[in-house]
Every structure is written in C-alpha cells, then in structure tokens.
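See the structures that follow.
Below, subunit A partners subunit B and then partners subunit C, in two separate complexes.
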Partner chain A sequence: MGLTAAVAVAVGLPAVLSDYWVYVLTIAFFYAAMAASWNLLAGYTGQFSLGHHTFAMISAYVSTLLMAKAGAGFGIGIAVAIFTAVVLSYALGVVCLKVHGLYLALITWAFAEVVRNYLRMHFSFTGGDRGLDSALLFGTLKPLPYYYLFLGITIFTLGVIAFIMYSRIGYYLRAIRDDAIAARSMGINIVRYKVLAFIIASALGGMAGAFYGHTIGLISPVMGDFNEMAMIIIFVVIGGMRTQIGPVVGAILIRIALELLREQSEIRIIILSALVIVVMRFFNGGLMEVFRRLPRWLHLKSAESVSAYEK
Partner chain B sequence: MPNQNAQHTAGPPFLEVRDVVKKFGGLAANNGISMSLLSGEIRGLIGPNGSGKTTLINLITGMYEVTSGSIHFSGRRIDGLQPDMIASLGIMRTFQVARVFREMTVMENMLIPAFSQGQARREAKARAEELLEFALLTRLKDKPAKSLSGGQNMLLQIVRGFMHKDLQLYVMDEPFAGVHPSIKGIILEAIRRMNAQKGVTFLVVSHEMPTISNLCRKVTVLSRGERIAEGTLDEVASDPQVIDAYLGG
Partner chain C sequence: MNSTGPRCEWSQRGPAIYTGGQRTIDFTLFTQFLLSGLIMGMLYCLMSMGINFIYGIMKVINWSMGEFFMIGSFAQYLLLLYVFPAHYWYAGVVLAALIVLGIGILVQYTLIKPMFVGIIEAKMEYATIVTIALSIFLRNLAVAIGGPYIYTPPDYAGPTQVLTLPLSGNRVIALLGAIVVLGIFYFFIKKTWAGKAFQGVAQNRSGIQTAGVDVLKYDMLAFGIGTALAGAAGALLAPIFLVHPMCGLAPTVRGFEIIVIAGLGSIPGILLAGLLLGLSESLGSAFISPSFVDIYGFVLLVIILLFKPYGLFGKPERAV
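Showing the complex of A and B:
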C-alpha cells in the first residue's frame, strides 16, 4: 500500500519539479538500484563485496564501446553488457568461493582496482581518464525519459530482489548468511547459492550501469572509484541493511541532501560521515529502524517485547 | 532404569564405519574406528572428552574428510561426499552448541531442510506447525531464533532436523547437554516417536548415562580415538577398559 503510494508520487513528481531536480532524482534512482542490489549480496547473504560498482562500470563501458567501435545498437550493447557482468561475476564468484568476510572484501576490492586501472591505462581503446562519450538512449539531454527509465529500473530491481527473497532461494541465502555450516548440514549447496547471489546482484548492477552510461552521456573510470562503492555502502547502512526498501530510501534521501548541501562543498562529506556514525551507534538498523520505532516514541504503540518467555 | 524403547533393529548394516582414521597434523582424533548401525536402531556413542566422538560425527556427516578408511550408508560409500549431499541422502545432524539461523524466525528455521529437500511450501508449513506444537514452540514460531533460550535453541535444532522429508539417520551431538529437564523430556519423546513411527535410526552422543541407558539398547564407547567397547550399557560399564578410560587410570 505504502509502496504503491510511493510509486504514484514518484510517477507524478516530475510535473512539479524543475529539470534540474528531475535529473538529481534520476541519478538518485541509479544509486538506489545499485544500493538495493548490493544489499542482496551484503545484507541478505553476508557477502561483503567491494566490487559492486565495478560491474556497473564494466557494463557501461561494454555497451558504450560496442556501440562506438562495433556499431551495435542499444539493445545488443546493453544485453551484451549485462551478459558480461554475469560472466565476470561468475568467474569472480568462483574465485571467492572459499573466502568470506575481510578476505572477500579484499579480493573484490583488488578486482575493482585492476579493472579501473586497466580502463585508465588503455587510453587508445577506453579513452583513459578522459573517458568516452556514450550515446544517449533517448537522444536528448532532457532528463524526463531517463527519470522514468531509472524509476523503472529501481522498481524492477526491487521486484527481482523481493521475488528471490520470498522464494526458497531467499531462505537459503539468509540461512547461509546466519550459519553456513548449519546450512550445509541441512542440505544446502552453499557454493551454488553464494555464486548465484553474486551473479544476480552483479547482473542487476550491470544493468543499471549500462543504462547509466547511456543516460549521462560520458563515462570514465571515476565510475570505478572506491568513493562510489563507499557511497553505495553508506546508502545501504543509513537506509537500513537487510531491508528491501531501506537502501532505496537511503540512496534517494542522501542524494537529495548532498544536492541541497552542494554549496557547502566538502562540509557535506563531513555531515554525511557524522550521520553514518550516529546511525551506526544508535540505530544500526538505519532509517528503517527509526521509522519502525517512531510509533513507540510518539506513544502510538505500546512497547513490544521480543522475549521468548512472555506471553 | 528400564529400557522403554521399542526400537526396530532388524535389517542389514545401515551405517558402516570401516577402519576410519582422521588425523589433524600428527594427532589421530579417530584412529581406526569401525562400527555399524542397523536400520531402526538408537545407538549411544559415549566416551570421555577428547575421545573422538564429535570427530566421528563430523566424518559421517561429511564435515571432515577421512584420512583413511571408509564410511558406507545404505550400501553406498559416503566418505568424500559434501555435507549437503549427505543430508540429501537422509542423514541429518545436530551440533553440540545449537546452530540455528539466528536472524530467521523459528518457523523459517523449520522450513530450511524441507525446502532444500524439495518439499512444497504448504506441506512443509503444515509439518512444521505440527512439530513446533509437539515441541511447545508454537508460541515462538514468528520470533527470531536469537530470542530463544539455549535449551529452546537446542530443541529447535533437533525438531528442525525432523523436517527432512526422508530422514533416515539422525546423528545428534550432545542433545541433552545443558538443557532444562522438561526440554530433555521433549527431546527424548521426539527421538522415541520418530524411531517408532518412522523407523528413523539414531546415533546419539551423550555424557548422560541414565538418559543413554534409558534410550539406547546398545552403546559404542570411544577412547583416545579408538573404539574400546560395544554392547549394552551394563556390559560396557563393567568393561575394565571402559572403567580405565573414564577414571583415567
């Protein structure tokens, strides 16, 4: 119900916003989709990848290069880009099978740096740091069609994740996150499902990235900066890890806040960092936890005990 | 204490452990253990701390690879199989410290083994409701497992294993350790019922001799990684090697 209302508001919003804010929200939706798909990996399955943004960058480059160098159309470019994300994430997932926690984070971070530096160094092919012009999907810089495109991508991403989490695969992923040894002894092939989660998350990130390139019109290795990954993590943490809507709420609200604080320049990063500390210290369930606790604070609902012993 | 169980003990060897060795570096945690279980049996596995009971369980359930020897289940060699493959053959296990999926609800915990064995959601839920009611956990079914007490977690871990639709062998590592007597009673009743009604075979590690005596017709005794005795608890209790192992003489 709330979700339908939110979508209805999002659909109607461009009517009352300037092009500038429609563009801001378009980019916010891109990050919302990225945050939601990373949450599938880190929040629901406990695989803390630091290379999620890299799959978006790879897909953006694959699609752009296919169109620029091989004359492919948007359809082929984007489809091959997503397929590339699937293949690479499968390979990386297999490499990462036996590792978790810090080691998984380090391997995925190393992968991200290798790819980013490769794109920087192969100037003649990738344009290096200067980047590449990417064909605009709707042939215009007017943000409205891209706004709806990324609204759709965000909804699609959330739909895929909701479907997975409701299915038995979602049960397996959460079981693996909670206790991989117990999950194996219950008959779950943890390797298969961990790799599957990695592929699905990367394909969703790759899809968002491919469309993103054709939205902003210029792609560069900046897409692969660690800062990008850090922002995705911040969106998820502030919004609410392990919740379906939290990452989206986090991404949209913080992108808007960053935009409002644009004139404060670097201070906004300090404010954002302070916010992360406050959220982690007092509400480690993020904004979604704040929303959940709100009725109790406002005395609208009596405190509910989670004790196993109380009736 | 009288032996109240009416376990089935007919049939060919169901689980056969043949001369199994498991070495960790220079230490042989299991050093040439052989034992066999008949279908429908409830077997106790006892021995002092460090005698290799948990290692043997980990070998049977595929958590560890054997250094040498072999393990056969229903005529099929199972050593070398991954734990999930072994589970799919109908072998479930519990852990000494209950391993539940902490962030998942009690009901979701119950559904995991049923789902992994391809059971339909509705059927699995109905079965879970039944088992939770038996275990007096119905009231907690929508609570996360992390909110349960240690004893309730052990109980949940045990009844969760019964969700396997084709459970044949249930290997339990210290199911009675540190649990309230009322919970112990439920666990005992669950074992007896599943054995009598579904013919499930049990291998139960426990230090609680009265409970083992009450539950198991036959026990296997390990000491220092070797099988030193096998028979009824009364028989093994008078075995000098067993007395020696327990008293550390």
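Showing the complex of A and C:
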C-alpha cells in the first residue's frame, strides 16, 4: 500500500521539480539500485563483496567500448555488459566462495583496485583517466526519460530481490548467513547458493552501471574509486541493513543531503563515515529501525515482540 | 602503486626499460629487477604480517590498515620536518610506529572491543563495516587536513652499489628496516611470555583464559602491534611511495593479496608469498609492460587459488 503510494509520488514528481533536481534524483535511483543489490549480498547472505561498484564500472565500459569500437547498438552493448558481469562474478565467486567468508571481501577488494588501475593505465584502449564518451541512451541531455528509466531499474531491482527473498532461495541465503554450518547440515549446497547470490547481485549492479554509463555520457575510472563502494555501504547501513526498502530510502535521502551540502566537499563524506560507525556501534538497524520504533517512542502503539531480522 | 600517476611510478620502478616497442634486457637490468622485486616483496610482507596478526588474534580483518600506513608516513614526514634532522630518520621510524600503536589501541578500545563484550551479534559484518568506514573517515580527514598534495620527505640515504648493481639507498634502507622490524616481531612472538600468550589466544580464546590470560587486553595490544607494523612500513617507505592521503592503498592491496596467496594465518607462507608477489610484479613489468604492474599479482593470486583454494600454506578451517 505504502509502496504503491511511494511509486505514484515518484512517477508524478518530475512535474513539480526543476530539471536539476530530476537529475539529482536520477543519480539517486542509480545508487538506490546499487545499494539494494549490495544489500542482497551483504545484508541477507552475509557475503561481503567490496567490488560491487567495479561491476557497475566494468559494465559501463564494456557497453561503451562495444558501441565505440565495434559499432554495436544499445541493446547488444548493454546485454553483453550484463553478461560480462555475470561471467566475471561467476569466475570470482567460484574462486573465493569455496573457502572462507572473508576471501570474497579480500579478493573483490583487490579486484576492484586492479581493474581501476588497468582502466587508468591502458590509455590507448580505455581512454585512461580522461575517460570515454558514452553515447546517450535517449540522445538528449534532458533528465526526464532517464529519471523514469532509473525509477524502473530501481523497481525492477527491488522486485527481483523481493522475489528471491520470498522464494526457497531466499530462505537458503538467510540460513547461510545465520549459520553456514547448520545450513550445510540441513542439506543446502552453501557454495552454490553463495555463488548464485553473488552473481545475481553483480548482474543487477552491472545492469544499473551499464545504463548509468549511457546516462551520464562520460565514464571514467572515478566510477571505480573506493569512495563509491563506501557510498554504497553508507547508504545501506544508514538506510537499514537487511530491510528491503532501507537501502533505497538511505540512498535517496543521503544523495539529496549530499546535494544540498555540496559546498562542503570532503566534510560530507567524513561526517557520513563517522555516522556509519555510530549507527553500527549504537543503533544497528538504521533509518528503517527508526521508522519501525517511532510509533512506540511516541506512545502510539503498545510494546510488541521484537525480531532482529526482518522477514 | 600507480594511484598517483606517473611521478610515483617513476620513483618506485627505477629506470624504465620500455624502449618504444623493442625491449632490450641485459643481465644487469635483469638482476636489478630481480633484486627490486625481492625488496618490494619483503616490504609488502611487513604490511601483510600486521593484517595477519590482527586476524589471527581477533578473527577480524582490519580494512583500515592502509590508513594506518598513511598515518605512519605522515607522522614520519612531520617528525623529520619539525623534530628530528633528516639523518635521524630511524628515530622517526620508531616514534611514528609508536604513535600509530597508540592510535591503534585507541581505535580498538573504542570501536572493536565492544564487539567482544557487547551485544553485537554479527561480528564479521560489524568489524568489516566499521573498519571500512574508519578507513574512509581517516582518508578523507587526511585530504581535508593536508590537502590532496604529495609531500616528499628527505632521502634516508644516497644511491649505493651492491657489487655492480646500482641501487636506490632508500630501498636498501627500507629492506634492512623491514628485516629488523620483522626480526623483532618474530623474537617477540616466539621468545617472550607475552608472545606465547598471543599464540595461545590465537589458538583458543576461551582455553587461554583458564591460564590467566586477559584476552581483552591482548586483543587491544594485538590491534596496536598490527597497526604499528603498518605504521613502521609507512614510515620506512615514506621516501619511496611518497606521502599523500592515498599512499596506503597500494601496499594494502598487496598485503591482502599476500595473505590470500599464503593462506590466512600462515607466517612462513607470508614470506614466500610476499617474495613471489614482488618477483612477479617486477619481472612482469620488465618483460611485459610496466603499466599493468597491478595485474600480475592478481593473476598470480587467481592461478594459485585455482590449484590450492586455501592458499599455499593454508589449511581448511576447522568447523566446530
């Protein structure tokens, strides 16, 4: 019910906003999709990928390079880009998820730096730090079509995640997160489902990244900067880990706050990272937990039993 | 490594032998690359040892290791600028390591310790997110305070020669310093009572408490020592990697690659993996192309993990 209202508001919003804020919201939706798909992996499955932004960057580069060097169309470029994200995440997942929960984080972190440095250094092919001009998907710089595109991508991402979470696989993933050994003893092939979650999350991130490249029109290795990954973590943690809406709420609210505070460049991210530490330390649950507890704090509702994990 | 562009690249890699498509490699250059690889590998080990030590004791990865490296470099730079004259760099290294030790203990006390005494249920998640946020916090704080500039500390020693090989004095000093620090660390772990207590904590946290070891105190000390190793590496490498807010990034990537190649928790593995990584990077940049120096180590890692999923010396985790 609330969700339908939110989508209705989002669809109607460009009518009252200036182009500038429509564009800000478009970028916010990109980060919302990234944060939601990272939450599937880190929040629900308990596997930390620190290369989520890298998959978005790789997809953007693959799609752009295919169009620039091989003359492919948007459809083929984006499809191949998503396929690349799937193949790469499958290869990485098989290599690292067999062993230890921390290996995925370690290797994706190294992977992110390696890919970023490769793109910076191979100047003749990738344009180096200067970046590459990417063809605009709708051929215009007006933000309106891109706004609806990214609204759609965010809703699609949330839909895929909700579908997984309410299916058998979703229960497997949460079981693996809570206790991998118990899950294995119940007959779950934990490696297979961890790899599957990694592939789905990376493919969703790759899809968002491929479209993002064709939206902003200029892709560069800055997309692979670790600050981008930190942003995704910040959105998820402040919005609320292990909630389906939390990362989206966090991403949109924080992107708007960042835009309002754009005069203070580094200070913003310093404050946000400090806020993440405070949230993790004292209030593990983020904004969604605030919303959930608000009625009780205002004495609108009697006390109820509290479950640590949202369904 | 190349996170700061061409200037850094030059200062670390020595003479470029990429001569317009046609590469000529004679024996002197080859041995020099070999030696340079060994030196860099040894230095990466220092970083890796700190990560591994913290993991061994507390079973968490400290993702902000690179920022402690950066703090060590900045401390060394400021000490040499304002406190010591340049030829007392060794006093600077010791003091910088001690400063980082203090900061590390403070961080452990305020942020990591609650993990073991509080009610936090998802320990790995908590530690990962908090140390990543800390890393972003420190890095951007450094940019906010010091600006995005590259500072150059004075050289520790002039160019030297080993037999017929010309060598940068800074690298020789960094190598000797790394060996001394690793030696002290090894002596501390193997020969002192506290070191034995650390081994006990690493083996069995609850068991060692029955022997009267205060595990929480040793956690704090372990985090401090682990970060101090990174700080010492930062101070030793300051003239080679130069001092800037991102200077910890490249050594940390290598540090993580090394512990994955070696297998989590293996000390001899780290030495071997560090040297392998240094060699593969310097030989790769000699024979293939110096631009892609980051890739060779990663390729080595993937190849080793394909054949030995637990790393060279790692053993399958004991699942209780």
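Throughout what follows, the second predicted complex is superposed on the first by the 293 of 311 C-alpha atoms of A that agree within 3 Å, B and C clash if a C-alpha of one lies under 4 Å from a C-alpha of the other, contacts with A are read in each partner's own complex, and residues count from 1 in each chain.
The criterion applied here is as follows: a residue touches a chain if its C-beta (ideal position, glycine included) is under 8 Å from a C-beta of that chain, and two chains touch if they have at least 3 such contacts.
All figures in this text were calculated on a predicted structure; none of them were measured in a lab.
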item	value
Partner chain in contact with A:190 - subunit B first, subunit C second, else both or neither	first
Of subunit B and subunit C, the chain that contacts the larger number of subunit A residues	C
Contacts of A:298 with subunit B and subunit C, given as first, second, both or neither	neither
Which superposed partner A:5 touches (first subunit B, second subunit C, both, neither)	neither
Subunit B versus subunit C as contact partner of A:269, first or second or both or neither	second
Contacts of A:111 with subunit B and subunit C, given as first, second, both or neither	second
Partner chain(s) touched by A:42 [first = subunit B, second = subunit C, both, neither]	second
Partner chain(s) touched by A:16 [first = subunit B, second = subunit C, both, neither]	neither
Partner chain(s) touched by A:181 [first = subunit B, second = subunit C, both, neither]	both
Subunit B and subunit C footprints on subunit A, overlapping residues	181, 308
Of all residues in subunit A, those that touch subunit B in their complex	168, 171-172, 174-175, 177-179, 181-190, 242, 306-309, 311
Residues on subunit B engaged by subunit A in the complex (per definition of touch)	61, 63, 82-84, 87-88, 92-93, 95, 99-104, 108, 111-113, 115-117, 121, 139-140, 143-144, 147-149, 152, 160, 164
In the complex, subunit C residues that touch subunit A	1-3, 5, 55, 61, 63, 111, 114, 120-122, 124-126, 128-130, 132-134, 136-137, 140-141, 143-144, 249-250, 253, 256-257, 259-260, 264, 291-292, 294-295, 298, 301-302, 305-306, 309-310, 314, 317, 319-320
Subunit C-facing residues of subunit A, complex	42, 46, 48, 50, 95-96, 98-103, 105-107, 109-111, 113-114, 117-118, 120-122, 129, 181, 226-227, 230, 233-234, 237, 241, 266-267, 269-270, 273-274, 276-277, 280-281, 284, 308
